[in-house]
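The two complexes that follow have chain A in common; it is paired with chain B in the first and with chain C in the second.
Now for the complex of A and B:
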């Protein structure tokens, strides 16, 4: 089934300026997403997955960030060229985001209801000191908020509307954070590691809800996680990122059964086992972004490195079974 | 909430008692012979002795204190050596003027300081930020009396826009003693304009330091808010910038500004003396400083007590307001 491409990130390059110099954080990332599809981006902390997806919503402050190359096409329009107004219109309506930490993603001094209703009433609008909303819009907002809370299976939504975030449990807050993002039923939902701050059983429930909702409403989703198990359950395709580059791409089912890139292998080997062993881990640390290696960015930590890896950057090549990998161990067309 | 209020109000009693003991004791051990000063160089030892007896100054200090506190509850705060009147009468007469000045100054400080702080925080390192920072730093650094004099020169002397000294010559029917409020209550707009004109310069001079503090604190709180998750989240939901800044950020940022507002009420009283002196404002701060200079026992104690009460009540109000701003603050028993 080949469906329409909803979003494609083409050769995105983002640099950050700091006192020490220019950090080349995102170095030519290619990601695409079809309509109705769920993809995961996995990778360790600092690999650039958050910067990549936050770029889609224009949430990365410039400066310090600087977009030096590439484009982000959403329905064939380049988001990086959007004006402030276009960006504000798009946010929440076309693309919305679920934030990672439910403890900090809700404003502590406003009730849940007020926050939800504001998103409904003021999204994409201008506001000044004299702006008022009419009663009808307010009622609409109220019933929509209740509707979305019900969709997230939150018990007694009318009571929750009057509560402050501090009065609710972590799991409840995470559901509300998701509800906020769904107020306008976006075409694309970006989930930045939702649930990682929660305990495993609650996280599990929420992910199941999320997956069900996304399928029901026909929303496409980009799911960021460092948990490979979660990525496998929730997504159709998986991108593995390392140090600002996509190193491997493939079907969620096959990529974990047979991974090609040494980094993906290392990641899989790092998972702690229930038998008590800690997993092998990957020696070394992510490279210095101020002065990244000219060749493969994984060179220093790679167990299978060759001399060519030091000086030549591996391109993301197509393998036979629709898989892609950026590694000199493999050549175009090989299976 | 009710229990909190009762508890906090009761807590004020030991604070004020302690303050009264302290200041009463201090006023008695202060050096200098104010009775001789009062009666003049010609007074005989007997006359001085008689006068001290009449004021009860020769009783043991504990007896003096008990008598004083008894008096306070019946509205007798002792004789003022400066005015030969009951100190309570003097305070009732002068306090409204100072209080009105402080209120207007605080109002200005908040009205101007908060928005400037917001703009400065949101436009960090842009020209708006640099400008407000220079202004606020000068506001903190420059002496109040100097600012007062400069204001007089510019607005009163050069441009003759506003009166130089005094509290206004059209006096509205007295209800609260706060003339701006009284003139509004009695719909006497002539008096309102007249008193407003008189209060503008002194209140600006008085408010500048507080305004600068409020501005700087609001700025740094707004900067903290800018990168909070929930603010980035609000942006990602497509909410208007104006709403994010003035609703979602400011309410969070305002809590600590409120603390400064409460505390600077005390500082305003201190600064009020300088401003009152420059503008010939018939207020309590000026009366209090005169009392210290002439070692006017009862006036010193009286004025200090009033300042203490104002300070305690203001901070009680601030504590209550926290609850409205931040639902995380609960008033437990």
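Now for the complex of A and C:
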């Protein structure tokens, strides 16, 4: 059975204008997401994972950003062509986002209840000072907020609604941020490194809750993380990004057992293992985006580079078993 | 000269809670609550625990940033529990610290050269030429090019900044270096580089490390001894091998079981999943008896009494009434 594609990012190119010149940050990213699927985008800081997903919600300020190519199709409509109103209507309703840091994502001067209900009551209209608060809508919002909090298994939701963010622990705040994203039961949920600011045990609890909720509600999710272990636990498919390009794609179960791209290999080797082994890391640093290499962007740091890598950009090619890799070491259809 | 760099005995650090107009003392935050251990020269002790468990306070008390409430600290065969400020300044040459976030622990307005020279100036080491020579030696030690000396911190990457942080800590030839989560702000590929560097430096300079972290998979690769902390107490203390092969305290087990691993082989090495409920309690309202009993799946009536750190058959020290029973599967979770 072929499931329906919910979102597809086709050859997205984003440039940023800066004082020193144009930084070519995103260089042809292809990502697709089926309905009910969970995908992860992994990569180190500066690989463009956040810019890619923030583009889906139109959260990248233009300028300095400039979309020079490609399209983002959500239910076959190009998001990049949306007007401001259309975009605003879609945010929070069809697509919502969980932000990274639960300490800063909540407003400290409003109670949890007010913040949750706001998300529900906002229907795309600006509120003027004379307009009356719709009591029925408020009632609805209140009961929905309680419902979502109960779904998140937060103890005593009615009491939590009256609390301020400072009164809650980090883990609890992260749950509130997730609950807020679920107020409208979106079709697509984008999670930008939730739990990285938390302890492992709390992060673990939150990932379990999130995974369960997404499955129960049939929400598709894009999960961004730099922790490969977390990506393996939560997702069905994984995209590995490096310097604004997707370098490898594959099933979450197999991609880390057998990886092909030298970058993925290096990344996997760098992770401290439980048997006490750990690689030496990857030499060098990410390329300068103002003047990126013409060929493979990993060229300078690659241990297996060939002369062809310097001038020709490798395409993302299909290998066997639904694996894709962008590297000159491999050829189409081979394993 | 004994074999031990550090001997800690019954160390306590309480912070008073003052309330009301007259700031009357109403209680204590027991940040470090009766901790004892010894640390051999040239080895690494990892202190592991969730945030708020008192890891950093313990390290800072050992370094005498805080005055201990009770207990003794023996550093390099010398009692340093009550020495005065003047002696303390001399002592600080022997113990240095590498901070968590390299972007905030380096002064953005100073050149790298000035940052590295600062400890030498404070402790009045050498003349101008000698200091310059030492700075060059240091930057080579952390494997950075010498032209970096004229740069400002913002032009360096995270990993390079952390290398400068390490170089600064090593400027005065310390014997003990406290590493406060030195890699938590870095990417994994950079983290591996920094850990390799720290290991090489330890061998080369015979350093003793106290390594504070919450990343248990890193501990396996770096430390010799591990102390697992929970709410100011050490709940398990053992060497690395024993901790990973025979974790006995339920808290250690649950911490280990929640490590996100990347492949099937590794997940087999973890203990069975132990779900932890809730979060670490507030240290102002410390639970009676075993501090962990509010979240422990094995907790019974007996846990209302405080367990002692006892030596187990594997040689580790564990504070749990049921440590051995749990490891032999005699006790099941969830019966309260």
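Criterion: the second predicted complex is superposed on the first by the 327 of 335 C-alpha atoms of A that agree within 3 Å, B and C clash if a C-alpha of one lies under 4 Å from a C-alpha of the other, contacts with A are read in each partner's own complex, and residues count from 1 in each chain.
In this text, contacts are C-beta pairs under 8 Å (C-beta built on N, C-alpha and C of every residue); 3 or more make two chains touch, one makes a residue touch a chain.
Here the structure is a predicted model, which means the values were calculated and not measured.
**Q** Should chain B and chain C be called a clash or a fit once both complexes are overlaid on chain A?
**A** fit
**Q** With chain A as the corner point, what is the angle to chain B and chain C based on their C-alpha centres after superposing, as a multiple of 10 degrees?
**A** Taking chain A as the apex, chain B and chain C sit 80 degrees apart.
**Q** After lining up the shared chain so the two structures overlap, which partner does A:29 touch, if you call chain B first and chain C second: first, second, both or neither?
**A** After superposition on chain A, A:29 lies in contact with neither partner.
**Q** Taking the superposition as given, does A:257 touch the first partner, chain B, the second, chain C, both, or neither?
**A** Second partner only, chain C.
**Q** So, A:99: does it touch chain B (first), chain C (second), both, or neither?
**A** After superposing on A, A:99 lies in contact with chain B but is clear of chain C.
**Q** Give one of first, second, both or neither to describe whether A:227 is in contact with chain B, with chain C, with both, or with none.
**A** Only chain C is touched by A:227; chain B is not.
**Q** Looking at the overlay, does A:172 come into contact with chain B only (first), chain C only (second), both, or neither?
**A** Only chain C is touched by A:172; chain B is not.
**Q** Check the residue A:204 against both partner chains and state whether it touches chain B (first), chain C (second), both, or neither.
**A** Only chain C; A:204 stays clear of chain B.
**Q** After lining up the shared chain so the two structures overlap, which partner does A:59 touch, if you call chain B first and chain C second: first, second, both or neither?
**A** It touches chain B, and chain C stays clear.
**Q** Quote the smallest CA-to-CA distance from chain B to chain C in the superposed model, rounded to whole Å.
**A** Least C-alpha distance after superposition: 5 Å.
**Q** Note which residues of chain B are touching chain A in the complex, please.
**A** Going by the criterion above, the answer is residues 228-243, 246-248, 251-252, 325-328.
**Q** Give every residue of chain C touching chain A within the complex, in rising order.
**A** 50-51, 157-159, 187-193, 195-196, 214-218, 220-222, 240, 244, 254-255, 258-264, 266, 269-270, 275-276, 279
**Q** Quick check on the complex: what are the chain A residues that touch chain B?
**A** Per the stated touch rule, the residues are 57, 59, 88-93, 96-97, 99-101, 104-110, 118-119, 122-129, 164, 166, 177, 180-181, 183.
**Q** Once bound in the complex, which stretches of chain A touch chain C?
**A** Listed in rising order, the residues are 44-45, 169-172, 199-205, 207, 226-230, 232-233, 256-257, 266-283, 285.
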